[in-house]
Every structure is written in structure tokens, then in C-alpha cells.
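Each of the next two complexes has chain A plus one other chain: chain B in the first, chain C in the second.
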Partner chain A sequence: MSQMLTNVESLRGALHNAMADDSAVVVFGEDILDPYGGAFKVTKGLSTAFPQRVFTTPICEGSIVGMANGLALRGMRPVAELMFGDFITLAADQLINHAAKFPAMYNGRVTLPLVVRTPMGGGRGYGPTHSQSLERMFCGVPHLSVVAPSIFHDAGKSLRAAIASAQPVVFIENKLLYPLRQQLHSTATLQHEFLDAEAEYPTVRLRNFGAGNSPDVTLITNGGISRFLPSLLQRLSDEEIRLEALIPASLSPLPPIAPFAAAAANSGRVVIAEEGTTSNGWGAEFAARLYESCMGKLACPIVRVGALPTVIPAAKQLEDEVLVSETTILNAILKVFS
Partner chain B sequence: MMTASPNFFTSTDQTAEHFYAQMLLIRHTEQQFLQLFAQGKLNGTVHTCIGQEASAVAVVNALDLQRDVIFSNHRAHGHFLAYCGDVEGLLAEVLGREGGVCGGIGGTQHLYTRNFYTNGIQGGIAPCAVGAALAEKMQGSGAIATVFLGDGTMGQGVVYESMNIAALWGVPILFVLEDNGIAQTTPKQQEHAGDLTTRAQTFGIQTFTADSFDPLALHATAVAAVGMVRQQQCPAFLAVSCYRLGPHSKGDDTRSAEEIAMIEQRDPLRHLELQLDPQQLRQIQQAVEERVRLAVEQVLERPLVATNTTGLTIGRGEE
Partner chain C sequence: MGANDTTAIIVEIAKQPGEQVRKGEVICVAETTKSIFDIEATHDGWITFLAETGGELAVGEPVAAICDTPTSAEEILAFIASVSAPVILPQAEGDAAASWTMKAEMVARQQGIEIQQVAAVFPGKKITEADVHQFLAEQSAKPISVTAAVRDLVNDPYPAGRVQRLVIVGGGEGAVQILDALAKIPGQHAVAIVDDNATLHGRSVAGVPVVGPVDATHVKQMIQQNQADGVVISVSTSIPFRQRIFDEWSAAGIPFANVVHPSAQVGINAAIGAGNVILAFCQIGPCATVGNNNFLSAYCSIEHHSTLGNHCSFGPGVITSSRANIGDRARFGTGIFIEPHITVGHDSVVGSGCILWSDVPAESVLKSKLNYAIRQKKVKR
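What follows is the complex of A and B.
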């Protein structure tokens, strides 16, 4: 009954199963040992079950990922946890100049099966350096994958795919998704399917309308933004606006653009929503790809929604002002619909 | 009495003849690089270890080359040749010709063969080497890892993170500091406070010191350090005092003629030459010259690497 699992339960189960299935899997991170089990409890129980292969580390994100690189080059399958996604900047050299370089610059003669898991996103009042969504800074780095499951993905399955991959993966978890139950099937009011179920990291298609109808608007989004969708799709349904949401789990490289372009051409109206800031971001890249394929087929310009281009404040009312909300996305949809 | 067979390049004898042959092979190969660059046949750059060959040869020969792992840096030709002796593979890699060890993608700073890895980022290889050593320990292979660092790299924080973890977890890794006293053009005294040789000690890491002027003595120290790392499953730090005779890269030497002349007096090749029988010496010199000359001729006759190289496409999605 995987659809009953919360996001954190799904991830935790995947880590347990991956370690049980393959003795090459090793897990590292700060404060991940039991009884604490990690700041967000994804690794809870792991060090009790696999004491020889779960390591609590000093505070040194660069070396955590660097060690994982060395382990991966020498036949292990390391899964490194960075306690907060904001700290990934300290590991940027290891991700960009080491993990993403070794296999390609050695002409494909080595593999580097690395997973770096880290929670991104705001909404918990942690302030400017513990709330960001920095994944866009690693999108577009050749030979580095960035994966972010939504609440409509089986997060554990995505994590298993990342661990099984021969390539380095930055695996983004969203803090606000952790306690939410995954929604992996259609309901009376919400059609759930995968665009490409056989893909390593599939794209979810959600619709608030039944077969035989065309969408009015296409929403492309990922990760933590998915928490708004059940309510948002219901509100749009009440307004008799048919919304098709496309939610890729692979942020970089982007999945093949053709089905997205077909969906965009079908509705003629596209909104792209992301948790972080929009400049030079994931949504900008997606919009550029769509324009390359959809020139002349859209009824109006693509609208992007993201956080305000500033720091994320600690005070709740200020944080709410900066971050994307259901209302911001709703307003963007109403804007392209009018 | 040794013969002038090319086998002495890969001999496992820990003798002055063997070390001299390997050091001279490195010297001649790197001098060829500088000549080929001057002739416009070498694209990009090289960082030679001319003057420092003894460190590469003495330390690498202290390792178990069947299983131990080596990480090296931007100045890696000496370590590479001491490890595998593949002159053609290195030449082809740096010249962009067919048969280069990394298909011409890596070039001088990014070499890979068997258990030997290099990267051009200062210090970043230190935690990679710790991870590699940890992997060998977890797999029970009996192998250790060695990482070569320069004095300039001792400014990088990640080096100390790596020492901390290696000591904390009992990781079998030998940190080798090749201290040539200069980082590109900046003397050590303008970059570092305190004494570099004592820095590992604060982590409880046993420190060994040696001078590359005497390759056999350096080798004996390296053997002791490697033995300790392997037997006690813990890190060690080997600080090698050495001298860079050539420029950092090519034309970027700002040192005075007097200083270079002083360094030439510390050339370990000269030191070994005095220990060898003149006839042996000539045999080795002729053999090395022949080996490098033929390698250069042969590699320059090879075609340039084709542009559809597979390593560039691995793991790349729809772009």
C-alpha cells in the first residue's frame, strides 16, 4: 500500500531496502545516527539496522561529498545526506569539478554511482540560509542529474532509481512534503497518470477533468509546489477551468520536451511554477525549450511563478510574502486564462 | 650487472639504477613536452615536475602497485610514469592523438589508468582519496590510498577536513606533501603561517619527513610510512622537501638565475649519477633517450583523436 505512505516513510523504506539488497550501499551525513536519526528523520533506524555502513560525519559538506566520490569510484554506492539544501554550496566543487567530471573526462572508463540527498524549500520559518531551493544552481551541469520527486511520485522508487544509477545524482527532497501522504492514484476529482511510466524518473500528469476534454491551461511544476495541487485543481474545477499539470521528477537534464510541447500546444496557455527564484532558473530553461518547439502555437506568453528575488525571511508573514503560494499560482493561471 | 633492457623501467628492484632510469624517463618525457609546446605541437599547457622526479619515483615504488590507489594533482606526469611507465599513453593524451589514456578529453591534468586518478582542482582530491581508502578498507582488499599534494594546496580547508576524517575513522591513507617551496610564482613564506610539516600532527597523524635529494633515503622513509598505514589501518603524513627546477607551467618563472642555479645543485638526478658506474650510467641514458625519442615519433604519427568520442556523451540526457 505504497500510496498510504508519507513521503518520509517512502524515502526511509527505500534506504533500508537499498542497504539490505546491496552491501555496497553506504550512507553518510551529519547527525544521522540513532536515536536522533537525522534532522528530518529520513535515516531513522538505519544505523541500528546497518551499523557498519552508516556513518555520522563531522560538519564538512565538501568532504562528505568528496569521500562519497572516492567510495563511488572504488565500487561502493554512497548515499550522502546534506542536512539542509542550503549547505550544498559547500559541496559545489565536489559535485561540479569531481563527480560530474570523473566519468566523462576519463573517457567513460570509470562510473560514479553517487547520490547526494538534501532537503530544500521554505515555509518552516528557518530564515535566509535554511530555507532556499538552490537546485537550479546544479541544473544544466553536464553529467550531473538533478532529481526532485513530487507528492504525486513514489519518492522511494525515485530514490532507488538514483541509487541504482551509474551517474551522480543530486536528489532533492522538500521539507514540507516529508509528512504528507503520497498520492499515486486517481481520485474522483483528480486524474493521475505517468507521461512516461517506464522512464528512470517519470513525469506525472494530473488533470481535474475527464477524458474527451481538452485542457484550458497547462501547469508545469516540480517538487514541493505539488503540495498545492490537490486544493488548486479543486478550486479551478469549481471555476470550470480545466487544468493539466505536468510534474517531471528529472529537473536536469530535462525530460524529452515533445510531450510537454504537445500539451502546451493543446491548451495554448502555459504557467511554470517553481519554489525558488525564477531568474536563470529551471522554469526559464523549460520556457526556452517550449518556445523552441511551440512558436506560433501558444495563445499567450508563458508565465513563470517563483519566489521573490530576495532572501527568505524568518518571520512567518514576511516569509509568506516572498514564497510561492497556492494563490500566486492561481492568479497566474487566471491571468493566462483571461 | 644490469643490462640496458627497457625492463629496468618497470623493474621492482629498489636500486639506484632503477630509480635513476625512472627519474630520467620522467625528465626526458617532460622536456619533450616543453619542446613540443614550443614547436606548436602541444595544445594547452603542461605542469612539469622537473627537479621533483625523485619524490614520484621513491614514493610510488613504496606502494603495492597491483592494488594500491593513487590520487594526484595538476603536476602528475611523474607519478603517472612511476606508476605505469606508459609513455605513449601519456604523450598521446597530452598531444590529443589516438591511444591517450583518457581519449584526449582529460589532457595533462586529468589522467586515469587502473587505480591511478588525477584532477586539476587544488585539494579536491584529498577527500576523494579518503573515500577511496575507506572503500578499500570496507572491502577488505588490503589496499591503501595515497594522495599527492603540493605546499600551495595546504591552503585549502578541504585538506584538513580530510585529515580529520581519516584520523577519526582510521582510514588507510598516506598524505604526501611535495613541498617545493613555491606555489606557481608565490613563495611559501607569503602563503603559509607556521610549519607545514606539523599540521597533520594536530589530528594525531604520524608525520614522516624526507628530502628528495637522496631518493634511496626518501624511499626508505616512504616504505616505513606505507607500512604503518597498511598495518595499523590509519593515516600517515609524509612531508617531502623538494625543488622545482622548471617553471610552474611554461614561461612563468619569476625566480632569479641565482636561485635556479642553487636549485640545480639540489637536482636528485645529479646526486644519483655520482653513485652509478659510468658505463651503467651511459647505458641507462642511451636507453631512456631512445625510449622517449621513439615514443614521440610513434605518437606523432598517430591520427588525432576522432571528435565522436564516447566519453563525452555518457549519462547526458536530451540536450
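What follows is the complex of A and C.
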């Protein structure tokens, strides 16, 4: 098997291919032109290949997304990059009050094929305003998709799906995933499959055990947390604990709950892990949906794991205390199992 | 290096191998995802490159070495290997203790045994879930040695004045309550407990051995072999279980005994059947009738001229007034008052805190609707 692409290579390739395939695709954002190629190098080489359709913008997220909305309304397929996900708050009005509403307000006579790409997540010592995972603030907005591929997804394929979508998409990239290689196939110790391979943004199922066994614990997670899973699944396998991890790429709207509910009822024990804080979050919504479908079928309450409800410190050791680690997830799994 | 990079590519080597360099001179150029940057000599000396142009190096890998004298790459690599040889730490004492998987430990705990018990059976092996299951299977398959297990402290061959030797069915908290009562009753004594939980077999409850499963043949054998005189059921939570054991074993000729705590009061002309457990501070009023196989927790009162059926289970503090009539298999919670002349039909369940003013039909379920407002107490500080 050829070596898998890194996440950043996959995304970069998808942008190149999307621009080559469709002249309506335009890409813009802060500092994305070569030779710098963007803060995280996802757009590296793009402005050289497509100089007329890749441009740099002033430091104004509201304007970037506002301009993208206008382009989308007029038939272009804009892909806007926000340098850090923390600054998506500045574009919230354009996303929530404009992009998500125009198609319905104009009675379906317009579409808004917009993609806003932005990196989220900490672990790099970037401090309180460059490390957050704010995607949950945009989850639950009607007609706005929030998509976050994991290392077990083909990130480029997800991005192509987002660009092809007629609906506005907030596309979350985790900073720590960029340099990691994607894992899209099973290995000797890890079963990888898609629950719904034909879905626009599919859900990955990982298992550290073979067919014929049922899982001890079900872990539901997304995006950046996936970086912990290869090691975590192996550790649990060594301890004979069978873990099934379900990793949806679509954070909002949530994918159909039935297969998740079936998995939860099968193991009876569920941990939900997310990168951001847990209150009123993605995991809370997921847990509520599961309870609606799994009343009486769980052996113990669902446990949610997330960042501590405080600012993210810049100092590495303090940051580690605040953010989710492999150990916090492991402890949650042991908690529901014992 | 950028914070996002774990590797860098050497794009240019600026010095000849073996060339003399000065501190601060550019020796090579590296590229990361963020940018291209120069690597400068950190010392004066002769340079030996350990990487090639185009090579991708992980963070921490050496690019080149600068030595005080010209040195070959082999010598430098040998030196690096010699100083970075892994240090083998001595194994701590008792390290072998953690020789089981977490799953094995959890399964053992869930089954009520210690993982160390299993580890002792499989010395030198990392204990797995399968080993724990094997251990449990072997434990429950062991034949029960009745003669050796029964605690017969009564060395009295004569029937008159003899201490009654009891077998208790169930080794849970009900058994503890019965044993507590028996400890205060000179004329009765528990010799064995039977319980279907295999993990209890071979153990003891308050000094009384759990000799095997709930098995009529086995218990009858104990009685026939003059090791026990009667049986009492300690399980109060399952009325169907109480009834099944009582009916089947009575039919098999196994005698049932009453255990009545010495602090309980029994009035004149009261009639009490067999197999009843009547715990501390209960009252059976004068002329009251109690059937068979009832379990009365502490502070229950079956008031005068009342009638109680069979196989009923009472939580603490169930108080009847006169001439109550309680059917079979009724179950009561805690703290219940029953007015005079009230009938509680068979198979009914009366929840804690109920006050019965009127008759309860058979197979009823009663739940108290008492509702309390709880507020924070105002404390003067």
C-alpha cells in the first residue's frame, strides 16, 4: 500500500483539483499567496497555479465571508480561509444571518455554495485566542453545515464535497492533524470502515477487535480527537478492552442517529469526547439524541469528555491540563466500564 | 522550526564535507512547511555532514557535526550511539504484580473475587479475561464437601432442650440480619448458608460457611444426616423466590423454622406458622395470626386480632391497627400505617409512607403521593 497523504497534502490537493475542475471556484484569505502559502500551508502553490482566482485579503473576517457570500450568490464557488478558527466569531453575522438564511429567504431562487475553511484546536501553545475549538457555536444553525474530518477520513474528499455542496459549509481543520498521515484502511489491529460510505460526509467506525465480538465501550468523537485513537485503541486492545469508535465528519446537522443508537445499545456504555468545552456542546447534543433513542438500553450514564471550562493557557504544561488528552479519554472509558 | 512541523527537508548544503567552518557561518538550508531557513555553525571547527541534500529529518535528528579535528561520519555516529545507549533501569520489586489486563481485573471485581486469587492459580502468566472465566468455572465446578463445611458446634445428641440448627437460604444482607438475631437466641443456631452465587461458596458470612447452591437435595441430605434441623429463607426482596423455595421444600419434607428476635413481643393466643423471620422490636399482638414464610423487618406490628397470610415481605416500621387482614405475597415498603379492619388483598405492593384508610384490592400497587417542599434553612451568621 502506498503511503497515505498527510492531512495538509490531502486538503491542498483537493483545492488544486477543485480549482482545476471548476473555474467558478475562487480561494481567498489572509496571507495565502505564495511564497508564504497561508499560515498552515494548505494553500501553498495555489496562487502560483491559479493566479487569477486566488487572492489575499485584508485582516477582516467579516468582510472575507461577506465577500464570499456575494460571490456565492452570483454563481461563484468561493472557498474562504480564516487563518485561525477563533476569529470566526467576527464572521458569525455573515454566516448565521446571511449565508444560512438567503436561500430560504429568497424562496430557493438562490443557492449559497460557500465554504469557510478554518483551523481549530490547541496543543501548540498559541494561547487563549488562537487555540479554541469554537465549531459548536455554529452547530445547530439551520441550513449551515459544520464539517470536521478526522485523520481516518479522506479530508480532501470531504473538502471537495463541501465545495460541491449548494449549502454553506463551515469546514473545520484541526491544527494538530495537518502534519499527520491519513489512515483510511484497516490494519492488523485496527478495523476501519465507513458506516455510510455513500454519505456526503461519512462516519468512520474503528474497532480494535475482530468480527464475532461485541464492543465493551462505544466512543463517539470527531476531528482533532482522532489523533489519540491509534495509540488509545492499541492500549485498550492490550488490556483486552474492546473499543468501538464512531467518528462522524458532519458535526451539524448530526448524521442519522439510528446506527449510533444501535452501537450504544450494543455496548451499553458510551463516552463522547470533543476538543472544545462540553457545556451546551456537540457532545451534549449527541448525548441527548442518544438518550431519545436508547432509553433503558444503556448500562450506565453517558460520559462526556472535553476541555476544561476556562481559557486555554499558552504555557504547554498548563495547556495540557486544560485540553483533552489520551489519558482523560482512557479514564472516561475505564469509568464507564468499571 | 515552526510549531506545526515535525520534520524539515535539507534543501542545500552550503559547505564542503570536512571543510573548516566558523561559528555563525551558514552550513546548510532547511525547508519546513512554514519557510526556508538557514542553519548556522554553532562552533568553530571541521564539519562533517550526517544528512544529504533532499533528506527529510525529524526534529532532533543530527544534520552535521562540528569537531575540533577532522572526523569521519562513522566515528561521529559511533560516538552518538555510545552516548545515547538506552539506560536499562533495574526492575522494581513487585513489578510482576501488574501481570493482568485491566479487563481481567474488572471482570474479577464484577464477579466478586480478587484478581490476585486468579493470579495465584496461574503463576508467571499475564492474566486475561479468559483466565478469570476459567477460574470461576473451576471454582463453581468443585464438589461441595458438606460434612467438612457445616459448622456443627452443637455437640448434643439429645432432642430435649437441644439447640435448633438452621440452614439459611441466601447469604446476603437478610442473612446478616437473621444471624444477628440468632446470636441473641440461645435455642437456635445457624450451621450453614446456601446461595446460588458461586463466588460465595467456601466463604463464610459472620462465621457461618456458605456450603453450596440453593439445592433441595443437598439440604435434605443435611437434615437426614442430622447436620441441621430446619431452614429459614433470608431473601426478602423476591417474593416469588420465597414462595417457590418454601412450597417446593416443604413438599419435599424439609422443615422450616421461625426466627424471632428476642426483642420482639408476641401476645397471648397469637398463632405463628413456620419459616417466618420476625426481626427486632416487632410486635405480634394478642390473638393475631401469622401464616408461613413471612419476613418482617424491624419495628413492624401485626396488631391484635389481625391476620397475616403467607410469603409477605415487610420493610421496617409497618404498623397495623386492630383486625387488619393481609393476604398472601403482599409486599410493604418502609413506614406504613394501616387503619383498623382494613384488608390488603393478595399480591399487592404498598409503597413506603402509605397510610391505608380503605381496603386494598388484590394485585394493587400503591404509591404515596406525599410531596415535601425543601428549602434552604436560614442560618444567622
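The definition used in the following text is that the second predicted complex is superposed on the first by the 335 of 338 C-alpha atoms of A that agree within 3 Å, B and C clash if a C-alpha of one lies under 4 Å from a C-alpha of the other, contacts with A are read in each partner's own complex, and residues count from 1 in each chain.
Rule of thumb we're sticking to: a contact is a pair of C-beta atoms (placed from the backbone, for glycine too) under 8 Å apart; a residue touches a chain by one contact, two chains touch by 3 or more.
Remember, predicted model here, so these are calculated numbers, not experimental data.
On the shared subunit chain A, the superposed partners chain B and chain C are arranged side by side without overlap. Between the Cα centres of chain B and chain C, as seen from that of chain A, there is an angle of 130°, stated in steps of 10.
Residue contacts after overlaying the shared chain place A:233 against neither chain B nor chain C.
In the superposition on chain A, A:206 makes contact with neither chain B nor chain C. Residue contacts after overlaying the shared chain place A:57 against chain B, while chain C stays out of touching range. Within the superposed three-chain model, A:177 lies out of touch with both chain B and chain C [touch as defined at top].
By the document's definition of touching, of the two partners only chain C reaches A:337; chain B does not. More residues of chain A lie in touch with B than with the remaining chain of the pair chain B and chain C. In the superposition on chain A, contact of A:71 is made with chain B only, not with chain C. By the touch criterion stated above, A:124 is placed in contact with chain C alone, chain B being left untouched. Shortest separation of chain B and chain C in the overlay equals 27 Å (C-alpha atoms, whole Å). Note for the complex: chain C touches chain A at residues 3-7, 33-35, 101-104, 106, 109, 128-129. On chain A, the positions that touch chain B within their shared complex are 26, 52-53, 55, 57-58, 60, 62-76, 78, 93-94, 97-98, 101-110, 142-143, 145, 166-167, 250, 252-257. In the complex of the two chains, the chain B residues touching chain A come out as 69, 71, 102-103, 105-106, 110, 112, 117, 119, 121, 124-136, 138-139, 145, 157-158, 161-162, 164-165, 168-169, 309-312, 314-319. Listing the residues of chain A that touch chain C in their complex gives 8, 36, 40-41, 44, 124-126, 175, 178-179, 216, 238-241, 334, 337-338.
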